[in-house]
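Next come two complexes, and both contain subunit A; in the first it sits with subunit B, in the second with subunit C.
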Partner chain A sequence: MPIIKWKVGIVSCSGEEIPEGTISRVATRLVLEKLRPDETVTICLPLFLAGGEGERTFAKVFPTITVDGCEKRCAEKGTMKYSGKPFATIVVTDSLKKCPDVGLKSRDQLSSEELVLAEKVAEEIAKKVDEALNQEMKQLRSEKP
Partner chain B sequence: MSEKGKVVVVACAGMDKPLGSVTSASVFKVVEKLRPRNVELVCIPPLLSGVSSHSELIRNLPVITVDGCAERCATKLIVKSGGKIRGRIFVPDSVKKHNLLPESASHLGPNGEKLVENIAEEIAAEVDRLVQET
Partner chain C sequence: MSKDKCIFVIPCSGIGKSLGTVGRKASYKVVDELRPKQTRTTCLALLTMGDEETLKMVRENPCITIDGCPAKCAQKNVEASNGRLMKSFMVTDTLRNHRDLKPEGIIGLNPEGCKLADLLAEEIVKTVDEIMEGKS
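Take a look at the complex of A and B:
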């Protein structure tokens, strides 16, 4: 019997127009590379939207977490349209409301303050990853004969 | 500045590959440092979500696409959305040309940074060419 390791797909917005988009991408990379490297994969949003079958199929089968930089919620909308409801959605502008003193400046290089914000968003994502995997495990256990 | 001296740049965001990070970093250099007055950066997902200001920009101004891999999502999606592509940068070609590779998606390293500088210059040269033509 094949062993399937459950993974969570993180779909980050491209967010090239605003610094919050850079926070989305940096936070996503922190989760993929440092916080939950074995439990997560990323889904390339432009490829997903362009019709990437692998990406769309993955997002239909495995739980996804969308990370959007702004209220346009492009990652969430795209995932809903092509693969179904994400397990969780994170909007960086909402997360930043908890840190009103930090003004975001550049899309290119994050300052040390901005990097701390990205780390906080990454922790939020990691928490959702754990919740998604716990839910999948519970469901698997309940389906056992 | 009138719309006449403006060019749209559309880059793939390529979260899943190091060259996607190179692509993003290169266009940021162009829009924030090299040619801030001439470039409108259009993000792909809102364009596809139907944000009308984005559709108008890609239809009315010359577009440069910057693709990080052979899927060429930026080019494909601009064609599909009715944009006027007047310049294209294919990052894997630039990698071969400059013989430079990034270390990883999150840490480009000195060679990756050098590659970003070179690609940003290539994009800026395309911007200048298109601005001259308009």
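Take a look at the complex of A and C:
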């Protein structure tokens, strides 16, 4: 019997124009590289939107978490349009409201203060990853004959 | 050149690869440091989602794309949007000419990757200047 390892797809906005987009990308990479390396993969958003069949199929089968830098919510809207409803959505500007003292400036190299914010967003994503995997496990158990 | 009339330098998002990070870093070097008055960038995802304001800007202004992998998302998206694509760069082409500069890391690039981004930025600046002078 094949063993299926469930993964969660993290879809970050590309967000090159604004510092919040950089927070999205860095937070996503922190989850992938440090917090949940065995449970997550990322999907390159422009490739996903431009017709990457592998990416779209993955996002139809496995749970996804979208991370957007701004209220335009490209990652969330793109995932909804091409693959289905994401398990969870995170918008960096919402997270910023919890840290009103942090002023974002850099699009390239994050300051230590900005990196702390990216780490907080990464922790939010990691919590959602755990929730998504727990839900998948519950569903699998309920379907077991 | 006004903010609304400038050259767009558009990198791929490249979240999965070091080469994508090199492309993005090179674009920031151009837009923020080397030619801040002549250039700006935009989010590629906005373009692929069909954001009207972004579509209008890439159709009315010269665009330069930078891609980290052969999928060429930035180039293809600008072309599909009927944008004014003047030149496309591939990070792998720059790497081929500087094989000793192997980029590593995505959150933070290694020094070799940063150097490669600087070299790519210099290539992009030449194209920016040519466009400004009406040669390209």
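To be clear about the criterion, the second predicted complex is superposed on the first by the 145 of 145 C-alpha atoms of A that agree within 3 Å, B and C clash if a C-alpha of one lies under 4 Å from a C-alpha of the other, contacts with A are read in each partner's own complex, and residues count from 1 in each chain.
FYI, a contact is a pair of C-beta atoms (placed from the backbone, for glycine too) under 8 Å apart; a residue touches a chain by one contact, two chains touch by 3 or more.
Being a predicted model, the structure only gives us computed values, none of them experimental.
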| message | Do subunit B and subunit C fit side by side on subunit A in the superposed arrangement, or is it a clash? | response | clash
| message | After the superposition on A, what does A:93 contact: first (subunit B), second (subunit C), both or neither? | response | neither
| field | Which of subunit B and subunit C A:14 touches, first, second, both or neither | value | both
| said: A:33 in the overlay: touching subunit B, subunit C, both, or neither? Say first, second, both or neither. | reply: both
| What is the contact status of A:52 with respect to subunit B (first) and subunit C (second): first, second, both, or neither? | both
| First (subunit B), second (subunit C), both or neither: which does A:25 touch? | both
| task | Residue by residue on subunit A, keep only those touching subunit B in one complex and subunit C in the other, then list them. | result | 12-17, 21, 25-26, 28-30, 33, 42, 44-47, 49-50, 52, 72, 74-75, 77-78, 107-108
| field | Touching residues (chain side subunit A, partner subunit B) in the complex | value | 12-17, 21, 25-26, 28-30, 33, 42-47, 49-50, 52, 72, 74-75, 77-78, 106-108
| What part of subunit B is in contact with subunit A in the complex they form? | 11-17, 20, 24-25, 27-29, 31-33, 41-46, 48-49, 51, 71, 73-74, 76-77, 104-106
| query | Across the complex, what residues on subunit C touch subunit A? | reply | 10-16, 20, 24-25, 27-28, 32, 41-49, 51, 71, 73-74, 76-77, 80, 106-107
| task | Spell out the part of subunit A that touches subunit C in their complex, as residue ranges. | result | 12-18, 21, 25-26, 28-30, 33, 42, 44-47, 49-50, 52, 72, 74-75, 77-78, 107-108
